[in-house]
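Heads up, the next two complexes both have subunit A, just with different partners, subunit B and then subunit C.
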Partner chain A sequence: MIRKNYRLGFLVLMVFAFLALNAQQRFPKPEFESGYEQPNTTTPEPRTAGMEVFDVIVLFGVMALATWLILKKRSRRGVLWLSVFTLLYFGFYRNGCICPIGSIQNVTLALFDPGYKISITVLLFFLLPLVFALFYGRTFCAAACPLGAIQDLVVIRPISVSSWVRKTLSFIPHIYIGLAILFAATGTDFIICRYDPFVGIFRTDGPYLMIGLGIAFLVLGMFFARPYCRVFCPYSVLLGFMSHFSKKHITITPSECINCKLCANSCPFDAIEAPIDEKVRTESTVRKNLRNYVIFGLLVPVWIFAGGFAVSKAHVFLSKAHPDVYLSELLIAQPELREDTENLDIQAFLESGKSMDQLVEEASVIRSKFRTGGWYLGGYLGLVLGIMLMNQFVLRKRKDYIPHKRDCFSCGRCMDYCPVGEQSGDRKSGIVKAKQ
Partner chain B sequence: MARDKEYNRREFINRGARFTLGLSLAGVGVAAAVNAGSEKYLWQIDPFKCTQCGRCATDCVLSPSAVKCVHAYDICGYCDLCGGYFKPGVTDLDTGAEKQLCPAAAIERKFIEEPYFEYIIDEELCIGCAKCVKGCSAFGNGSLHLQIRHDICVNCNECSIARVCPSDAISRVPASEPYMIKGDFTANESGEAGA
Partner chain C sequence: MKNKSLSFIVVLIIAAIIVVIVLDYSAKRPDRLGDNPYEYQFDEYKEVDTSLIGYRETKNFPVRDYKPGALDLYDNLLWIAGEQVLQVISLAGVQQMKTEIQGLPTCIEVNDQAVFIGFEDHIKKYSREGTFLAEWDSPGSKCVFTSLASAGEFLFVADAGNRRVLRYNLEGELMGQFEGKAESSAGHGFIVPSASFDLVVNSYDELWVVNPGRHALENYTNEGQLRGFWTAGSMNIEGFSGCCNPAHIAVMEDGSFVTSEKHMVRIKIYDSSGELKTVVAPPRKFLEEGQAPEVVVDENGVVYALDFDRNVIRIFEKNR
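Our next item is the complex of A and B:
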């Protein structure tokens, strides 16, 4: 049956091809006698031909400069002006595309779809910020990301959010990157780019929803600093992993912390961790924590399995995002829609000469990919949840105020507020007036 | 002493994790690089797959759309009764606005010699709705067809029209051959139609 339909489809295809070829000869081109000169069909050059290599160089330069400003020069002002440049260049001039955040999907597609050739510049856009984060923390976020820059510039009255809210919200980026990879790997959609809130502002053009979302994020960002970066950005997951184990990271004070708490108040992102009182860290708490840590550690496989099971169960729902799956479901559920001349998708499918069996087979292949992907996605989310729960019971010795290496954007505000001056030699001579 | 030990252990773990992360990053990089090329890609419409559904006008992130109608003069019949210019059923062939198919009046009709007329697209006005393309393909040679204009297109990472294109006519093409102008580009080159 399938074979027969396939043959029929092929025949229809051939007929269409024949018609398409012959359509051109319906009216032969006239031979003009009046010396008419036929104009050429223009093919304008791409807007930004050959700028991609330059972009990679600029990205590298900006990140190197940002790293130097943060780690060596310790200049918040420098970082600020650099982020203004980033906003103007990568944002408004280059229209925010391509960005390292979106490049996650290109890399995923390149790994899963052999037919997709990723451009080497896109691959570098993906890798460079991560390599920098692995060595020097999230200096990309500080000054080289246009989305971060636009949000950083509108921080007016940041409010402090309690840690359990922040920790709960920090789960969202994991879901986002997981879904983005699942959708990119199955060739369904690039959701990161689709829901990029600021690209409409960078282009000063776009659907109302996109522009509205961007403005909403900016208004929210006046009070809850960098909302996209902290609650949604899927790339922040990867940058966070890298930065957590970074070799060098921004330090608040150039010499010794005097526990004045000024830095913690200056950080709009609540990314500075207070010292832990030795009194809290009694032997019994430590023992209790250790016990809980081990118990929750043993629970991790349960979370992984439960997550994988739950998300793979949702594969039917998730796979509907793929147009082929959606179309085949629609046609099975409502075959009468074949007569609906208004439905462009169905009409185009009927015209294409592809048989229903072919469509259903393709759809079921995609759906089974979603089932497998669902196990991985759910398992990953379970693992993240498990580790987050375990980390609740980590009570490290901490005597100074230090930035949380994973959450810190290395923006450098805290350095500006630290009253301790650059001090070589005698430490005891104490507080040097803050440079202002 | 105990503190030193703890810090040593932490540093050791950090170093190990850093090494592992670096290694996996390199792994991803190499695996993706296998499939990489120095070529840049742009979005383009295959005119032989296009079904003139009209979504190019409505679904581009830009307004008006970066998709424009182009005219492949090489295969144009220079018809007096142009299926792309006139609404169906028009008998008096003049340039009256009510007789034109194009909602943006973006097609200019110019007399060449009896009985031939030239049709020129004003891309400033064109909105990429494909009404003329449909008319020209149905009644004429199909010399009018849609193309993405790269001087306007912002080359989104994923084209928002491609996502909703019912016939999958929009795909990434190498930047060295960014257009599929009919005439130069034939159905044989177009994956499916020539199969």
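Our next item is the complex of A and C:
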């Protein structure tokens, strides 16, 4: 039966490989002589519909396999090799596109612009990792994300940064996803794709700046592991939120924790929470923390309003990111630029047949959207800040070392280092292997 | 290993990355962009080695009072189909006939039986005296007829809108069609990004169709079987440039092809296997980024080019 399934799987793979080999562009690129530098596009060449479905199947397969390797097999080595496959397939072969991280923008634009449609494959790329995270934690980050994979492979000498630094930096992804959604919803830009630092490396032909940024991230990642995932990745906000509710998250030890701390030292992401000394939980501490928790809880609406007010006030500045808003202001301030035949943006506008009044009207509508969106973005950031501050006063009960469900990438290093083996009856004889 | 100074460096690097991204984003505004690094510089291709130019322009016939749409040469006469007008002039430029027709033609074919004039999605048949004979029904939606050529009892029609060649009999009955697809990789199918899609029939009644997206000339049987092809894609004078060239072709008595390209306008002659024989008119003879002239050629090898940008028929003769 298993052999039959293997054969069926092999057959399916061969069919898709054949389709891939025979895929052709509808219109080949015009001929360009050597010496001409072609612009880099933000998206690679289009795929056939069949191959897009194949990509979804591969993504699902990789995440399913990663989940099995992490939760059942408990194999760090398996996760490592799977992430190498991901790097090769979704990174270098698929050129890092489409990826679930960027799909946030496609989904957002589809929700806000009735004229923009996304395919079911894009939607699945967006949803599948979230569904897996909801049940099994961030197994997508472990082995199915090419951006995570390339950073994971360069971790050489990870350092542990201070808790306050980590917490401060963890606010950045919330700003990033908020801006990305605001920009996508207003049709301004897909900033996640534009500033994906590894796409240039995957395609080996990106702008120098982006390749430089990618290299900077990798060099930084040698010491501060997975910097993009931890400090920038907007999708990590969603994954972390879903993972927070996961029932079958990765566990460090297969049985009982012996508090050896090897796992905490092994985690390059500072994502393992240490046991909490019960002595800290004095009555006065509990009372004091509770009081602060309530005070900061009451302040949350204030943060939300203050954030919304501040960002909505910045809508004039933010809306300038939209090309139409910028162009309308530019042409009002400097009408002589209409004569600049070298300026492609201005010439494109003039040749579109649109009048200046129309442009200004459209810019005004966009700016209004930014004002409304600014309230939501600022309110969201205020809420996140408020919750982060409240969490400072939560006294948790924890006897063992456990992975932080939101921050843990499920990479499996900790379980590889855990000296506790599988239990078979006598719990006290759980130590079956030990590592340095 | 906790290290405060390392933490500080990490924060510093991350801050630097954010600053770089913000600066880069704000630098890419319409008034802050420098020179376009992707501007295609093709001035060097406009200059053609004079030793390659085997023709010279000897005279021209202005087309007055109407917008020309298509040109054909038959019976030592030039047949010009234009907006509301069918005009016939001799090779010396003397008007032989001028009659009214309806609409703006896109192509014309004259043979010993009739004059066939193609419009966007239909064909009208006239006698050689200019009498309207029949109008053929449109063969479907999205039609953009761009060229006509007759071979014996058939009239071939290039339909750029549907990327196909239609085969009619001379009475207007649709006998077949093909899209240039074959099992070999050569038979990709017609790639027609714009309304530039020409076909000709040579003196041996062989049908040649331009596959503009491939910069190819393809030889088909009447039924649409690919028999042979040649391609010449290049910005250099030896090939065809851009998205969809050659935009127009004509065939000479010996099977050579006169080709006309748009954007970087140039007229050249290739032998039947695709080797460049000579240049008729280099780019500097035309407007920059101009339209491709419709070309026809007489039995003496004189090339007549309908220059749409200047509304003139330009005559190019071989250098002595």
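Heads up, the rule we're going with is that the second predicted complex is superposed on the first by the 383 of 436 C-alpha atoms of A that agree within 3 Å, B and C clash if a C-alpha of one lies under 4 Å from a C-alpha of the other, contacts with A are read in each partner's own complex, and residues count from 1 in each chain.
Keep in mind that, in the parts below, contacts are C-beta pairs under 8 Å (C-beta built on N, C-alpha and C of every residue); 3 or more make two chains touch, one makes a residue touch a chain.
Treat the numbers as computed from the prediction; the structure is a model and nothing was measured.
By the touch criterion stated above, A:293 is placed in contact with neither subunit B nor subunit C.
Touch criterion not met for A:375: it reaches neither subunit B nor subunit C. Applying the stated contact rule after C-alpha superposition, one finds that A:162 touches subunit C and leaves subunit B untouched. By the document's definition of touching, of the two partners only subunit B reaches A:106; subunit C does not. When the shared chain is aligned, no partner comes close enough to touch A:171: not subunit B, not subunit C.
In the superposition on chain A, contact is made by A:345 with both subunit B and subunit C.
Within the superposed three-chain arrangement, the count of touched residues of subunit A is higher for B, of the candidates subunit B and subunit C. By the touch criterion defined above, A:39 reaches both subunit B and subunit C. Contact with neither subunit B nor subunit C is seen for A:89 once the two complexes are overlaid on the shared chain.
Touching of subunit A by both subunit B and subunit C, each in its own complex, is seen for residues 24, 26-28, 30, 32-33, 36, 38-39, 194, 323, 344-345. Contact residues on subunit C toward subunit A in their complex (touch as defined above): 1-4, 6-7, 10-11, 13-14, 17-18, 20-21, 24-25, 29-31, 33, 35-38, 40, 188, 191, 193, 213-215, 233-236, 239-243. Across the interface of their complex, subunit C is touched by residues 24, 26-28, 30-33, 36-39, 159-162, 165, 169, 172, 191, 194-195, 209, 213, 216-217, 220, 223-224, 227, 231, 321, 323, 326-327, 330, 334, 337, 342-346 of subunit A. Taken in their complex, subunit A has these residues touching subunit B: 13, 16-17, 20-21, 23-30, 32-34, 36, 38-49, 52, 95, 97-98, 102-103, 105-107, 110-111, 114, 116-121, 123, 126-127, 130-131, 134, 189-190, 193-194, 200, 203, 205-207, 210, 241-242, 244-247, 323, 344-345, 347-349, 351-352, 397.
Across the complex, subunit B meets subunit A through its residues 3, 6, 14, 17-18, 21-22, 25, 28-29, 31-33, 35-42, 48, 51, 53-55, 61-63, 70-79, 112-113, 116, 118, 120, 137, 140-143, 149-158, 160, 163-164, 166-167, 172, 175, 178-179, 181-183, 186-187, 192-195.
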